[in-house]
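Before anything else, here is the set of structures, which you'll find just below.
Heads up, the next two complexes both have subunit A, just with different partners, subunit B and then subunit C.
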Partner chain A sequence: MTGDSAPGPRPTLLLVEARTTLLRHSHAVNPDMAREILAFTPAASVRTTSRPLARAVSPDTVEGVYCRLPSAAGRRTDGIGTVASRGVLIGGRIALASSRTLIAAGRPGVPARRRGWFTHLANPGVLEQIGRADDDDLARGFTGPSRPGVLDLAAIASRLLDRVQAATMLDGTIPLRTARTRFRFAVHDVGPHGSAPSPSFTIDDAGVRTLVVHAALDAPEQLATLCEEIAAHDWLLTTMQRLVDGLDEPPARAGRIERIAPAVEQLLHLWMPGAHSEPELSWVWSALERRPGFSRQWASIVARIRNELDLSILRALSDGAEPTHQARLRREL
Partner chain B sequence: MESSALARTSEVPLAQVSVELGHLYLEDLHTVDLDRFFARIAPWVDEARVQAVACLPAGRRPRVSTCLLLDDYSSPTDPQARPTPSPTTAIPRLLAAAERAGTRLDYLARESALAQGPAASSLADLVEGLLVADPPFGANGSRPPVTQTGWLTNGQRSPSTEARQAMGQRARWAPPTENGRHLHSIFHDVELWSSPAGDGTRNWSCAYLAAVWQLVRLGVLRRDGGSAVAAELVDPAELPDSWSALPAVTQVTRTPAPLCAYRTLSVLDSRFLPVEAAVRTILCQVAADPVTARQAVRRATAEGIDVPLELINRISYVLLGP
Partner chain C sequence: MIVLATSDKGGTGRSVTTTNVAYRRALQGDDVCFLDFDFGSPTAGAILDVESVSRGIKMGTGLHSYLHGETAEPARIDVWRHAGWSGRRRPLGAGRLVLLPGDEGGGEFPVDAAMIERCRQLFLGLAEEFSIILVDLSAGRSYAAELVQEATSNLGSGGEAVRWLVFHRWTRQHILAAHGLVFGERGIVNNGVQLGIDREVMEDSIRFVRTAVQEPDSAQLSLLRPAQASWLQRCHEELLELAARRRLGRSMMIGAIPLDPVLQWREQIIRDLDVRSTQIANPETVAAFEDLASKLTQQNYWAAV
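Moving on to the complex of A and B:
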């Protein structure tokens, strides 16, 4: 039962899954309300930042898992330990939950096996690997199609996002239709001075975004923040792209401005790549700006909305109407 | 960086060992011979023994505080029983008896105070939020962890035979198993709380509150990142008449070592063995804030003392027969 102290595990791979959606509320929530929504435990406080953009982060919740790990090659590899999750509110408007775990292939000099549970709880957010799959195999398994019975970070993150959305102080009114996006992030350890190959960003058939990065794993929280920020921006892109793509769907002319308005008023100002990531990790953003070109896509969406508003203003003027609403929205851009 | 953006986990003062000089029910204050009670405990907490518990090198005096947990929560309610003595009479008697035995009592804790507090944030509630059950194989996160509300085990329960009989299958008993067992199982199933009134009010079990008390003594509980419990000095001349008017933890000596410590040592009557076995089952499934657990390790290392990271490994016992 006890007497099972061992040197700490040394992780070589970080897996993070983020789920992102619009907070189930008619308008942006203020920092006090954000704190209330994310107060999952009385033990620790919700952390908040107001500049350059409001961000609130819940304390970690910890869940125990003991299951197969996702080996792309189908190798039998188990993992035992915990997954750490947290809820995040960005701009009082975007709701996000992320679940993360560090994979450690045993402890120095100690063969991997199931240990007393308390040894795993002493290092929350770490899974000890029992079996021989290597990190590449596990990262490919994690970012590939999900298989039953295998570690399911998505379900854990999803439940936490449900919990955020179920907060009683939310009014349940959603000003625009959006979808939950899924973002998977795998980070290979390169040690403090290792050289890092370029990040690889992909979107699979099921719409799951994956990003594989090589970085030092000594600050997994900062990497989780980076993942959450990329996930939130990817969600903004996805949501806005769908909105502008849908403008030409019937009824093409009717209600275009009404459909655009909530997004312009509530989402456009949330675009701020890298605002909360550590400067040491800005190279990941730079890489994403080159490929797939996050900000280029965003600029083209904003240009499309601007054109739409300009056209609408011209139409209104030629009809002899006063386009005050459109003009106000135009100033938001 | 804004200050509200930083995770704040405050440090608490730490002794090297927190020694628990027994565990008494309020009624025991009538019936127990306190001189005999402390005389049996005192030799087990002398300097040499506590030094060994603290893993201190020979010749270094340990920094020790002593405490006693008074159970004013789960006491049986016997209408025939004499009214419990008031703190004004009982506490001076306790302190004097401890002193006659050659030891000293620094802190007195009330068990019921561990279960009281603002809505859903008593120390008992706080600890419930830290429980992370030992998962069976197959727990991959796809479903919420399976929990039997109010119970915690160190393994897997026997499958329910009633359910299979109801489905028309022949029910065959299967044994419960201990997680991580070595050849054979010792299976514990611990009741954390019951709700006899059926209205959601909880009666926390003695074992659960004893586990909370261990966590208090290890200094790992935080509320909003700040210390979750602080002892209050009460002048023995100004003791209140009722137990509930006492603070959760009363400091009864002037300048004791801190209440919380790197390690705990409890000297208990062996009738508490099953309770403490349950306490250990619970503590093995508590995910304390890793920052607090590491604070103690770091500070002990700075003092040249070895302290394990795992909380369960910081706890020692002496169990005495009657």
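Moving on to the complex of A and C:
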């Protein structure tokens, strides 16, 4: 095959989709086990960090794609190249898979065409755009309702997450039922010195979260890490909020502590916004803290759980019972 | 927990009972999903009164398309939000109630290894989210039933509990047919054994549900002539004996759904309102649904006796 060795065009848009869930295991897995779970590719190594919170990241798996790109205006634009995906375990407890691709417009003056697969494989995680559609159009298409037959990062991420969850070393126990969340992240290039409008975070009717950011695209992996971290925190918020909301509804009154317990024991300590993101990207976190106010919502959830435990301790004491379980949970807060 | 609902013959009220059990279980606070695996004639949408999928979903995103690898994720429908009778929102204290519809015009299909794997992944993914996964299979032996049994026999370590509900009417033919479906040469038990499941475990995971039952002493039969009544009593006793001989006796039975005019005339969800206010349905029917819904997870109804 005759590869075109010229460097490809400069990407101007990064699309990432992350799927998040609870690992199918009775307790948090240790770093060694995390490494085994994520060892999809022989010889490539799983990266782990333990501070301030355990995190393990699989090597990228790369898939070739040649498909339509999501244009909000409905333009016929194809993309050819690859999607890079990886699995991530956070705190040995949250399982996440993300798929990402950079979109590079065809070079000016050079008609876009299919080049040899070797060329595309040399640039993992880059799609070359064939046909016209501007970045805004593509980003809106990507974050809008999904359409059949269009680049489906969600499906690729989902399959990878299925693979993580099917790892044979997992014991298959599900300590609490939680829904998988879908998080879409689009980053427009601003170049190294460009100014960035504030990020916009939305949740649509189908529960899909989208975040659109303007940033320099020279380190797509760092942006993917940021996306994964935000997705994991959004999952924590979603899961805990749902649990707390359910506490006030009538049939659930009995067994409240039993329902809170697994979340308190397994999830509460995982809240650590920005722990693994690069300092240059901390402004995205700051913006999310202002609106929608991630940590404010988290603090209110934790306060609600604390009150619930305090009340239950008081009730137990007035009934003459020994509230050891509640007291132990209370110490986790 | 994965609950597989099947019957040997059609017209047993399997689908309507299973959907009502899903509804009751969600009202009791569990997150429930309902999978319409009756590919020849998807009916769950109609029973749940979700207009847009009354004969299956149209966009090619249903379970049938998913199993064929044509869509990455099967469509999901929030029943609380879309059912005609619902107030467009989840009742206070209820869990989620989600329908995964079949495709309109889906039909039966032979099973291949890729399909079994997709089916397995589907169950594993749903189990992360839902505490009760109800699967409505078609009547009789079908590819869909074969597929589901194979996919659920291999869910990995610590996997979800898998339980079968076998529906049959209270007649001689139905009892014999249900016996064949479960204990026959190519029945569910033997299939399970071939898939590597212990025979005893397999038998412990299967229970029978009698439908359209009229107890001889029920009020509905109080107008019978004495000759009819005594004949009915004799038939009932014969059936009890037959059921016991064919291993469909008391210990294997987990529910009996009384004959209810509402279910005869229209297969639908029966709400408490239909019993208390409009009084179109019988309280015994709702009680039977609730009872079956709660017995699904009570171990003592599933252990060997």
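One rule holds for everything that comes next: the second predicted complex is superposed on the first by the 326 of 333 C-alpha atoms of A that agree within 3 Å, B and C clash if a C-alpha of one lies under 4 Å from a C-alpha of the other, contacts with A are read in each partner's own complex, and residues count from 1 in each chain.
Please note the rule applied: a residue touches a chain if its C-beta (ideal position, glycine included) is under 8 Å from a C-beta of that chain, and two chains touch if they have at least 3 such contacts.
All figures in this text were calculated on a predicted structure; none of them were measured in a lab.
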Partners on subunit A (subunit B, subunit C) - clash or fit: fit
First, second, both or neither for A:V62, with subunit B first and subunit C second: first
Cα-centre angle that subunit B and subunit C span when viewed from subunit A, reported as a multiple of 10 degrees: 100
Subunit B versus subunit C as contact partner of A:I174, first or second or both or neither: second
Which partner, subunit B or subunit C, touches more subunit A residues: B
Partner chain(s) touched by A:G116 [first = subunit B, second = subunit C, both, neither]: first
Subunit B versus subunit C as contact partner of A:L267, first or second or both or neither: neither
Which of subunit B and subunit C A:A44 touches, first, second, both or neither: first
Touched partner set for A:L236, first subunit B, second subunit C, both or neither: neither
Contacts of A:R24 with subunit B and subunit C, given as first, second, both or neither: second
First, second, both or neither for A:D162, with subunit B first and subunit C second: second
First, second, both or neither for A:D152, with subunit B first and subunit C second: both
Minimum Cα separation, subunit C to subunit B, after superposition on A (Å): 5
Touching both subunit C and subunit B, counted on subunit A across the two superposed complexes: 152, 155, 159
Contacting residues of subunit B [partner subunit A, same complex]: 2, 4-9, 120-121, 125-126, 129-130, 132-145, 154, 179-180, 186, 221-225, 228, 280, 283-290, 293, 308-313
In the complex with subunit C, residue positions of subunit A that touch it: 21-22, 24, 26, 148, 152, 154-155, 158-159, 162, 165-166, 168, 170-174, 177-180, 246, 249-252
Residues of subunit A that touch subunit B when the two form their complex: 1-5, 8, 40-45, 47-51, 55, 59, 62-68, 78, 80, 82-83, 99, 114-119, 121-124, 149-153, 155-156, 159
Complex contacts: residues of subunit C adjacent to subunit A: 28-29, 31, 59-61, 71-73, 92-94, 121, 124-125, 127-131, 155-160
